[in-house]
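The chains carry the letters A, B, C and D, assigned in the order they are written, with residues numbered from 1 in each.
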Amino acid sequence: MSDTFDLQSAYRWIEGFAEAVGAHKEELTDLDAAIGDGDHGTNMDRGMRAVMAKLGANSSADLGDLFKTVGMTLVSTVGGASGPLFGTFFLALGKAWPNKETLSADELLSGYSQAVAAVIARGRAERGDKTMVDALLAAQDAWEMALGGTSGDSETLSVVAAAAAEGAEQTVPLVARKGRASYLGKRSAGHKDPGAATVALMMAAAADARTGE
Amino acid sequence: MKKLINDPESVVAESLAGLGAAHPDLLRVFEDPRYVLRADAPRPGKVALVSGGGSGHEPMHTGFVGLGMLDAACPGEVFTSPTPDQVLAATKAANGGAGVVHIVKNYTGDVMNFEMAADLVAEDGISVNQILIDDDVAVEDSLYTAGRRGVGATVLVEKLCGAAAEAGAPLAEVVSLGKRVNEASASMGVALSSCTVPAAAKPTFELADDEMELGIGIHGEPGRERVSLRPAREVVDMLVQPVLDDLALGRGDSVIVFVNGMGATPLSELYLVFNDLRARLGTEGIAISRCLVGPYMTALEMAGCSITLLRSDDQLVSLWDAPVRTAGLRWGA
Amino acid sequence: MKKLINDPESVVAESLAGLGAAHPDLLRVFEDPRYVLRADAPRPGKVALVSGGGSGHEPMHTGFVGLGMLDAACPGEVFTSPTPDQVLAATKAANGGAGVVHIVKNYTGDVMNFEMAADLVAEDGISVNQILIDDDVAVEDSLYTAGRRGVGATVLVEKLCGAAAEAGAPLAEVVSLGKRVNEASASMGVALSSCTVPAAAKPTFELADDEMELGIGIHGEPGRERVSLRPAREVVDMLVQPVLDDLALGRGDSVIVFVNGMGATPLSELYLVFNDLRARLGTEGIAISRCLVGPYMTALEMAGCSITLLRSDDQLVSLWDAPVRTAGLRWGA
Amino acid sequence: MSDTFDLQSAYRWIEGFAEAVGAHKEELTDLDAAIGDGDHGTNMDRGMRAVMAKLGANSSADLGDLFKTVGMTLVSTVGGASGPLFGTFFLALGKAWPNKETLSADELLSGYSQAVAAVIARGRAERGDKTMVDALLAAQDAWEMALGGTSGDSETLSVVAAAAAEGAEQTVPLVARKGRASYLGKRSAGHKDPGAATVALMMAAAADARTGE
């Protein structure tokens, strides 16, 4: 695995994410039915299928371009809470990497961190509110730690993906304070947050995209 | 799943096509981005009201487009807020130069999508104001949560602000009226059975034969608690008590009453509920100035109802009585 | 049985009490004998329209009492025709001296009870004429049977004859109009789930998850056949074909369309059905002059719909457009 | 058992009929749900309870008076098809026996026959249409036969009641041609007609009322 993240990795990432969402669509919807309104899987799947159609139709000039397309498409096809949030995430990646075709490990992490910050700004959720932010931040923590240590090694993204999954898992006991699940109050405890589960799929796809190189 | 549909993916588009074909005198339906526009919009010099939200609550919102109510509505997928480009397009199309009001129910998705649209609209120099509806007392309100949901008050705000806008009220007045109506309203709902989202193909939740879900949301989101089924009279008491408390209503007050059906509950039961409710309000010494009874803000085929009370005064009553001509609500025109 | 009621024995009385309290401007509710009277009845010199039938079909008939529609309605117990004394009392109260018309759906019970009432009324010197509604093509018609059931055409006859009577048409004209509308109408319905009569406390019939009952009646009476569930488009074809055949409708004809919800089917699905229906009529070269889409003649909480077509002409369209002001149907007033 | 039918017998008959309808209410409704609209038991029970309340409140001067009260009460409380039909049946009995306090066996049968004729005139059903008329006529046939033979013996009404029950049973294979069940066409075959079942209960109550003397 090379140290740089390029257009091909990015494309593989998005494609892998779309496939994962499609494969776990029902599971994500079931998670949402338990503490929300039962549409999260359908929403994300509709959006990621639209993204793949869009990417198939036009080739992107650079990473900024590609992620802007992903973000805009999600914003205009998903709706609900996850549309603006995942849309914002990818739009922020696009903004972080204008005209870039490859990224260093540091650039990758810094772009990711900016995207997470944008999601937080948009949704005003804090760590522990039982949202996708919990998985996003768990991944960011692990990533910073990994780069701060032996740095940039080929296993980094796998570690990050595992941390995202663990972050999603850790939403189970929490009481939701943001999003639709918050209306449940204490009854939201004991269920995994669907948006966090989607983040885990997204980061696993990122790791796979790089291992596949 | 037993539904009169062709394909879960196209229910919204096909249903809207039917709506448009049924009411060409009232509205026009646009696709890509998807919105419903009053037939004679834009109305120059009139404040435009734009609302929207997930589909599956019909007649709300698309059935409320027309004279004396909404200028445009943005229907999302079933139970999923619309996207910013829908709201943007509807806002531009409805804009008559006197400002646009977004009537938004307080759900994270709706709020964010309407916010993103408002940011885009601002770039076009259209002044947009938002009325946020959060009248559901089933949900504990707190600074640290998403707050209360928007439910029944939405219909009342759309009717009353629609009447004010139709009568020529300026932007600021329409907005402050909407905020006042929202604050003076409170609602609580109950479900006796689940709804089934077409794309999910199975019921959102399960209720035993002797259970009901108190404080249900209009998307089948669980509410306050699951309790045993009981007579309508007791259900009414359980629904109305938190509403009375929230609005601090008492002897001498008067209210506009909205008994809403969630979809599968027969109209006869809604009138029966209204009958128990008026008895209860009578005991409290609260007068009913106007009432609306029917399935106006549904949750697909969920069985159940909600009760909304709005503290009323002469101004609100006369706005209520003003003509309205929409597919879903109509009088005086 | 999950219903918002207090006691199966008093559902009709309690629901009517709610209706009366909700619409004092439109109607008055009487008990013992039970009937609903237009608020300003009797109207001297106006032909009075009286209808009735079992309860459980709301808004029909009680919700159609008011300007431009019925002068009185006699609600029986749930799905049970009213008794002669109800019809007698309603007829006397509604009588404005220009004659009374009984609009009766062709069910043995309704026919006999209205007949007995008419015999009694005759003793009082009031001239009563009957319009018998029998538009359901699901049922094979024959001299040797009870004939066809009255369904969707009832709503159309009540609206159109109501408009004619309101405009001052004499008794004979109102009666012949009603008969003409009934003859020019045909209907067929489908159920996706059963209703539950409160007193019976369990569903009237059972349908498997992949079944529907074609040709269902509005009391949950089984229909033509039980077939497998299929897409709305095909359901529409199965419903409309016998209707088209019965009325011998074809290229160049125009119709008033009524897509009726049976209770639990969401409004969005009814519009979707209307969309498929208009496509089909388009293919046949049949124009839609007016349409009505919604749950106007329900069967408690049954899921399903019915389609009624009425061959239309200019006179019928202008009567359709005339103002109507009732709890269940309202425009132009 | 005496050969005369008096006010007491009549009262016992009506009371027994009301009790039987109450006890078989659900069964009658189930029969109606199969080929009608599922209200027959409820309808008849509501009516017979109203009849008992009415009879309890006022005492009847004679048989004409008593049966007129029964008929009027059924007409004004039952509704549906069975209200006018059973109402007509009892009103006709009242008409057949004006100012009578006791009846001979012949008077009893002739009143019954007039009542059956009135039901037929009201509902226009013929024998074999799968309605209450089938049970009413089966009973009448047996009655005429019995009186024509050893005549007026103490078992007559038991024989009549058995014939009514058999008449009801014989509606099972028939295709309905009158009433709500006729809408079913061929699908109405294989079910017993609810109104005929009620007639069987009514005639059994009549037999019991006399045996009890």
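The criterion applied here is as follows: a residue touches a chain if its C-beta (ideal position, glycine included) is under 8 Å from a C-beta of that chain, and two chains touch if they have at least 3 such contacts.
This is a predicted model, so every value here is computed, not measured.
For the pair subunit C and subunit D, the distance between mean C-alpha positions equals 32 Å. Spacing of subunit A relative to subunit D, judged by their CA centroids, is 76 angstrom.
For this pair, subunit A with subunit C, the centres built from the Cα atoms lie 55 Å apart. Across the assembly, subunit C contributes no residue that touches 2 or more other chains. Taken as a graph of touching chains, this assembly is arranged as a line, each chain contacting the next along an open chain of partners. You'll find the chains touch as A-B, B-C, C-D. Those residues of subunit B that touch subunit C in the complex are listed here as 2-7, 11-12, 14-19, 21-22, 55-56, 58-59, 63, 192-193, 209, 212, 229, 231-233, 235, 263-276, 278, 288, 291, 293, 295, 298, 300-301, 303-305, 325, 330-333. Those residues of subunit D that touch subunit C in the complex are listed here as 29, 33, 35-39, 42-43, 46, 75-85, 122-123, 177-180, 182-185, 187.
Residues 33, 54, 76-85, 107-109, 112-113, 115-116, 138-140, 144-146, 149, 197, 199-200, 204-205, 217, 219-223 of subunit C touch subunit D in their complex.
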